[in-house]
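Take a look at the structure set out below.
Think of it as A, B and C in the order they're written, each chain with its own count starting at 1.
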Amino acid sequence: MIDFSDLTQREWQHLYHRFEDILEHPGDYRDALRGQTLASLFYEPSTRTRLSFEAAMQRLGGGVFGFSDPMASSVAKGETLKDTVIMVTGYSDAMVMRHPCEGAALAASLFSARPVINAGDGCHCHPTQTLTDLAAITRLFGGVDGLRIGLCGDLKYGRTIHSLLTALCRFGGVKVTLVSVPELALPAYAKRACDAAGIQVAEEPDLRSAIGDLDILYMTRVQRERFADPAEYERLKDRVILTPDILSGARKDMRIMHPLPRAGEIDMEVDRDPRAVYFEQARLGMVIRMALLLEMCRLPSFTPAYIRDDTESGRHTNSGRTPSQAVLRCPNLSCITHKEPYLPLPAGDGVCRYCDSSLT
Amino acid sequence: MIDFSDLTQREWQHLYHRFEDILEHPGDYRDALRGQTLASLFYEPSTRTRLSFEAAMQRLGGGVFGFSDPMASSVAKGETLKDTVIMVTGYSDAMVMRHPCEGAALAASLFSARPVINAGDGCHCHPTQTLTDLAAITRLFGGVDGLRIGLCGDLKYGRTIHSLLTALCRFGGVKVTLVSVPELALPAYAKRACDAAGIQVAEEPDLRSAIGDLDILYMTRVQRERFADPAEYERLKDRVILTPDILSGARKDMRIMHPLPRAGEIDMEVDRDPRAVYFEQARLGMVIRMALLLEMCRLPSFTPAYIRDDTESGRHTNSGRTPSQAVLRCPNLSCITHKEPYLPLPAGDGVCRYCDSSLT
Amino acid sequence: MIDFSDLTQREWQHLYHRFEDILEHPGDYRDALRGQTLASLFYEPSTRTRLSFEAAMQRLGGGVFGFSDPMASSVAKGETLKDTVIMVTGYSDAMVMRHPCEGAALAASLFSARPVINAGDGCHCHPTQTLTDLAAITRLFGGVDGLRIGLCGDLKYGRTIHSLLTALCRFGGVKVTLVSVPELALPAYAKRACDAAGIQVAEEPDLRSAIGDLDILYMTRVQRERFADPAEYERLKDRVILTPDILSGARKDMRIMHPLPRAGEIDMEVDRDPRAVYFEQARLGMVIRMALLLEMCRLPSFTPAYIRDDTESGRHTNSGRTPSQAVLRCPNLSCITHKEPYLPLPAGDGVCRYCDSSLT
């Protein structure tokens, strides 16, 4: 589970039905993974994601081991990702990994005999957040088709927004309203992808004007550091902050979502409004992770790619060459291939198979 | 469970009976909380308290997740206590919290749909230590009524001593002997509270003179830093240190207690004496925490106060005002209201409802 | 379980049979330690060992609590090892400890009413690594007797090598080939011990010449810092690095072992070779730890030595004396007796009973 696109629509539906069944019959699952273990490898801190996976595994009766800060572990002493992953794969039934480098989870999956769940690889993917969003939308609205969804905040850099948009492209007749300041507008390529998938896209710079039509308002964090000029930030930020006053223009059955943690973009007074479902969304995120762990831990073991694909991961590697001899390198310096040089080459159809950066 | 006073005497007795039953039939409880989870939020380190809660939950078959040092977690990135608590409440059946600010556990309880157990909020309360003390005394003596208890060490600043005294006021005919150097004597208000509750209080500056009459000698840590003059500390400390020599003046059926960790106030030679029960006291502390977790995790969920009490926690908040506009502030700068300014006002009957500081 | 020598050959065989049974019937063990707890006290970081114990306990249905970095815990505030151990012994069914001082695990065992498992005490012992090695050899070859085992790398300082050699002395007709640069040769006393036990020892400076005869090649890490002259390291290191080229001279049924983590002494290209079993060895290490935990957690509680052996641990202690008055001190400054001065004297038959250093 490296990216949401790894799931077919049929697999997603199967997962969602499991999620509903857990919500309705929680008592049936408290022994489901008894005696099984989840390895939790957090190469950078992430309280929310880590705690939701730990709670999910424990609610299924399983155990969790791992590290939440690699500085305290010998991993910091320079062991390769490969060796750590192969060790852990021998101890666990599934592995969840957060890593600062893009492509780290895919790299890990090459060496693992058990499923790897990506809990965030740099700025690249965070598929269980997308699962959370879709599960919450489906649960609250009975489905995704035909909804009008407002996306508000940082649409330029926000990983959550890009993943959600990609996932929404699978569903029919979704209408999207983009609410952002110009500095943080959705990139042109993402807009084209929506067009190609038949998603109607509207743009609206002011949340107050946009809010009246929406079924869902999906808010995201705006980071001050994104602005070259702090004064510009101060001037614009009020257009993308949700207050009780702005909320008064919304429909009674609208729902407010947010991936959390928030900064100041949702006024705390809004929390008591019945339309605020972001805390419930987080709780449902734990439940969809329970469903995912259940499927993952029950898969039979497989031969890892590094043994299976002798040709690909062996002969065509950069390992053993000096950098100048390397036949191909990913231009993204945060790509895991730069930190772990023994990895098989990033070759793909013009994009790095680890981090999806263009290779030309 | 913010303060020991949250328990009625009847609830205490119920809890104690559960504690005895766990001691007598431990095998009956190993599945009691299977599939349930405890969130363990330690905003400052505390090995003993944390480990005793973790062990207690696991011995009931449940799981524990959380953090033991917030620096390694994104909590350090500035998320509010409110948002962290609401997240965690969605993942867990109960929550245990240690925090450096007074009133933090009460503040957390306003946002939680599940029980919050205070594992220490600054210098304010540490109710599970008091539960430990009472459970150990009751177990060892069959009851609390009528015992003569010596309290020795730092009676001025020691949170444990103050909580224990308050709890002892519930029982009949307890006699207390205070053993301390003048610098660390019990505050006058605490003495008056004992008088009002009918507790006989005697004072005795030298442990050697006091020890012969006691049923229980409750020792506490004396911190060198409490003394302005180090020479004064050196001159006085021997009067409050328990050695085998001093112990030879005690009755054979006296028992020595200590909340631990100790500094040097109990000579290690004493540990082998059958009257030393402080290690057994710590073990019983884990068992009373098992009893507490059992009751807490079985409670049904409730609507958190921040949603339920719209008036109180909404309109009367300091949130949205600049500091100069704030209508009321707690004078205690370690009170949680200073760190989390959105909290409902500290108004109460003249004392802060978070940290019990006088508001005038 | 402080040192491998604590096990009789009969106990080892019993443990090995349990290990085989767990491998063959894993489903029978998922509830074996339900409601029991393992205290995991890591006074220095060690990811591999810690994670293998945590996974082992959880796969038996038990829970794990403790700390992985004492800086974050109040242990760092200066509590004695004694007090920490007695506390933890009251909360747990067994205890696993890693400590930077030699003899720490033995010291801990004096105060514990439950079994203490040594997970590494300084440069002294690491018995569960030796258990791992023997279990893996026995599993892969059906027994240890008569095997020709090549030991390669740092034979001078490597704790793993010394422990393994000592353990091999129990078996019949083992033949050992030592492969190392002169700077890292096996100490003379260790060679004499092999001779005394009837182990045939050959020496061979070059791995290429040695490899053809071996049943097992046991590689270990060579640390650059061991060499006074870095140029010397560069000149010699290639003789003890395993590459596919050198491996081509080995028998098809040879097996390559390594305690891990590795530095550069095994080329990653070797990992795909079916003779590479070091990752499988690590996995079997978790399984032998499951067998060990099962035996340990099922033992009845006992009276700790500090209470039982009044004479030994009481009267003859250094405690209460100034250093100049101490009757006997271990000359090894990394011995636990220097950090915890209240410990009973190190007296033994001329060697320190904590760290085995010579006392004269």
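The rule we apply is simple: a residue touches a chain if its C-beta (ideal position, glycine included) is under 8 Å from a C-beta of that chain, and two chains touch if they have at least 3 such contacts.
Please read all numbers here as calculations on a predicted model, not as lab measurements.
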Superposing rotation of chain A relative to chain B, computed on C-alpha atoms, to nearest 5°: 120
Residue-number overlap at the chain B/chain C interface, same or different (half cut): different
Centre distance in Å when chain B and chain C are each reduced to the mean of their C-alpha atoms: 41
Residues of chain C engaged with two or more neighbouring chains: 63-64
Complex contacts: residues of chain B adjacent to chain C: 27, 29-31, 45-48, 51-52, 54-55, 57-61, 63-64, 68-69, 72, 260-262, 268-269, 271-272, 279-280, 282-283, 286
Chain B contact footprint on chain C (complex, rising order): 34-37, 39, 62-67, 72-77, 79, 82-84, 86-88, 90-92, 306-307, 310, 314, 319-320, 342
